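Next come two complexes, and both contain chain A; in the first it sits with chain B, in the second with chain C.
Presenting the complex of A and B:
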């Protein structure tokens, strides 16, 4: 059976050249970069080279890069590290309703510790109103945290505008750029970002490594206390091989980024147009244009997302869903909820995320396989083609399509 | 995550559809939790002669609907009333814990259809 991976927003395969570059650091170059002897010296340079590679991709200085274990650690560090360091200045944090759980749950944790958090709403396209951000700022505001690109819909927030507002009010600005880095140009100077988080496994490096950009002069309380690694900002022995992999993956991501973006956008647009041409009564979730070039999120009326995913999986296609059944909770995706997507459509929201390895042949195969699956599930659904007049609840569902 | 039996009933569901002029129709679930099951019955001499279902829901919802139709067909109404959501799940070699309460409603839909048939008889 064909195997088609369209879940690059969940994770990506390690690039072959990245893996090759990492292997010596498990074997002959096994040293601890904090050691003074030959074994340590042999690897310390590699960690610093990786720091330069990461910094170059986002237009930062190497000294502003701190390696962490994953995106969630970076977001936790950014928010808790700021909250603790700036506690005397204020206790108010502004974020958005559609952030990744790494941000939302951290904010909820701080709410229990006496912080106040404003969760900015988004419109039906998942976009933020910059005027609403301005109004949410109080003298107690110490942090604005807004993601660069949304993991579910791909919606791109107006990061430069947010950065300008934050700078004007002299408020620290954190962005979770885990989905944006490697997919769109990311420049911490242009965006006037103070804290930015990226993750290795979304860009062809392994799982278990990420980085946080901390603008020079930004006071932070560490999340991990211990040794003096990372200039006392993050304790713990370096994940040398992972860091080397992250560095090279960042360098590769920056090469011909625009050309790669255009290729993936062409395929995503082809998939989108093809699905919309073949399947009636569907809805695009997320902003039509201001969107990551690799992400397509669609809701299919009358059917539920998990059953669609299972059917796609049986045809070898890996995708993801905002349905309650796949989120492990009883509620459908909070992102769909914040966008006021009608509940049955939220349950059927399906994310197809492409990567640099995606081919046109794969897209053609999905376009061939997906429409009959949707039709088969619809014919099984009591909401579809109802012969008897619908109950109020059912018709409210269908009307809002 | 799902057993082979669940996947079999999910990918190859039995008795999908509607019965025109059904003797009993039962519907459970609601859209907000992501599962709606509808069961249609044809009853003769107190025995379920024909049964069909339509389901909006996840893999477990579709598989349990399919399984309950297989379990109910040929049974008397009293026997069918004794089928439980747990026995349907068991017949599928179990469901993931998260699915036990949200998507395991097929026996309830069957019972609703039987009650609907009984009420019609009284009228």
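Presenting the complex of A and C:
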């Protein structure tokens, strides 16, 4: 059976040259970079080189990069570390309704600890209204957390505008850039962000490594206490091989980023046009233009996304209904809910996310296989042929229920 | 199963993570069928405990999902977890709670089979172009005339046909029970022979969402408590004491009444609207007839009263009775000999020998034998 991987937003294969670069650090270069002797010295330099590589990709300086274990840790650290450090100044946090659970759940946790959180709404394209952000700011606001690119729809927030608002009000700005890094240019200076999180396994490095950019002079309370690694900002022995892999993956991501992504965008657009030409009654989720070049999220009226995914999988096509981070199961999406996508459509939202390795043959195969599956599922659906779409008000009532 | 003897079929197996469904999957795979494993995620215990103030919870239902996943992996079959948490909450948990607060003693396992396994999960299977849905139930579906007859499992001690009376003819066409003709012992032997990791797993006994068996605490956590107290009344009319909520009682219950009385007292009835728990002596438990509702026939529906044997709870030996069906889906059941423990909310299932004829939900017991 063919195996076609169209779930690059969930994770990516480790690039062969990244794996090669990592292997010596599992073999002869086994030292602990915190050790003073030859074995430690042999690897300490590699960690610092990786730090430079990460910093360069996002236009930061190496001292502002702290290695963590994953994107979730980075987001947790950014939010809890800020909340604790700035507790005296205020207890209000602004975020958006469509963040990754790493941000949303951390905010909910802080709500139970006495913080107030504003979840900014988005419009039906998943876009943020910058004026609404301005109105949400209070004298107690200590943090704005808004993602760069949405994992489900690929929608790109106006990060530079948000950064400008945050800077104007002298409020700290955190962005979860896990999906954006490696897919669009990311520049922490231009965007005026103070905290930015990225993850290795989304860009061809292995799972289990990520990084957080902490702008110089940003006061933070560590999440992990212990050893003095990462200048007391993050305890725990370095995942040396993973860090080396992350560094190289960042360097590779930066090379010809625009050209690589133009190819991905071409294939994504071909897939999108092909599906829209072959299947009636479908809806694009996310902003048509302001979107990650690799992401396509479509709702197919009358069917369950879950069924479509299982059927695609039986044909060897790996797709997703949204976030893969929910205990291995298939959850209805909070992102679709926030965008006020009709409930029945939200249930059928399906994400196809491409990568640099995706080929035109693979896209052609999907275009051949997917439309008949949708048609067959529709013919089995009790909703097909006998329903009228719900209005926005009806939909919000159903959601509240 | 005669449905499976012909050629190679695509079968979805409902895998719970227990030994029975693991063996069902392994045997079907061994017979050369194209097997797909599916587990229903119906209850996230960790979310439940987190919402109720604990910082961490054990995660019983997810452990079972992991077991099912590992078995599927070892069988090298595709495996999917399908999320029915919302459906389970609305159609099983909510009705479970409603029943208790209305003075009934529910049977959530029958409901779960009816509304999740043989409806939603079967639909998922059909969407994957599967020919059948297999489960690890101890019951048999044997071809009879144009359709199928539901019969008891061969292992009398394990027979689960009681939980399956809601099956419709369409469902019986599409469902298979690979273990129906086996004993539990044989299933265990197969599990060991096939090297299944669940071979030694203990049997699950409780209601899956009340793992500690404390259903009263569960109800109070789901719906809250307080201001539910009322009178404990003797069948003769005398008020004997007070209780803290009718949902804490079930018909036939003897312990925990806290009343001094010459003879042992039993709960013989619950009146949720009057907030009364009615108690009486052992003979007051005897009932000659009752009505049931939402009756489903697994054979062509009879138009006349019929003689059958009736089982009124899972661990009850069926007894002779006359069943009178009504057009509104109700039926009355008149026992030849009065029976103890006719409990509203439980299922009444009608048998002819080993064959299930149908069943319904016990609505109301008729007049007691001795008032």
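In this text, the second predicted complex is superposed on the first by the 375 of 401 C-alpha atoms of A that agree within 3 Å, B and C clash if a C-alpha of one lies under 4 Å from a C-alpha of the other, contacts with A are read in each partner's own complex, and residues count from 1 in each chain.
Basically, contacts are C-beta pairs under 8 Å (C-beta built on N, C-alpha and C of every residue); 3 or more make two chains touch, one makes a residue touch a chain.
This one's a predicted model, so the numbers in the text were calculated from it and none came from an experiment.
Looking at the overlay, what does A:302 touch: chain B (first), chain C (second), both, or neither?
In the superposition, A:302 touches chain B alone.
After the superposition on A, what does A:380 contact: first (chain B), second (chain C), both or neither?
Both partners, chain B and chain C.
Go through the superposed model and pick first if A:116 touches only chain B, second if only chain C, both, or neither.
neither
Give one of first, second, both or neither to describe whether A:347 is in contact with chain B, with chain C, with both, or with none.
first
Quick one: classify A:310 as touching chain B (first), chain C (second), both or neither.
A:310 contacts both chain B and chain C.
Can you give me the overlap between the chain B contact set and the chain C contact set on chain A?
After superposing on chain A, chain A residues 304, 306-307, 310-311, 314, 328, 330, 332, 380 contact both chain B and chain C.
Which part of chain A faces chain B closely enough to touch in the complex?
Against chain B, chain A makes touches at 302-307, 310-311, 314, 323-325, 328, 330, 332, 343-344, 347, 379-383, 387, 393-394, 397.
Which residues of chain C touch chain A once you look at their complex with the stated criterion?
Against chain A, chain C makes touches at 41, 44, 62, 65, 69, 78, 80-83, 86, 123-124, 126-129.
Which chain A residues qualify as touching chain C in the complex?
304, 306-307, 310-311, 313-314, 327-332, 376-377, 380
Which of the residues in chain B end up touching chain A in this complex?
2, 7, 10-11, 13, 16, 18, 27, 30-38, 54-62, 98-99, 102-103
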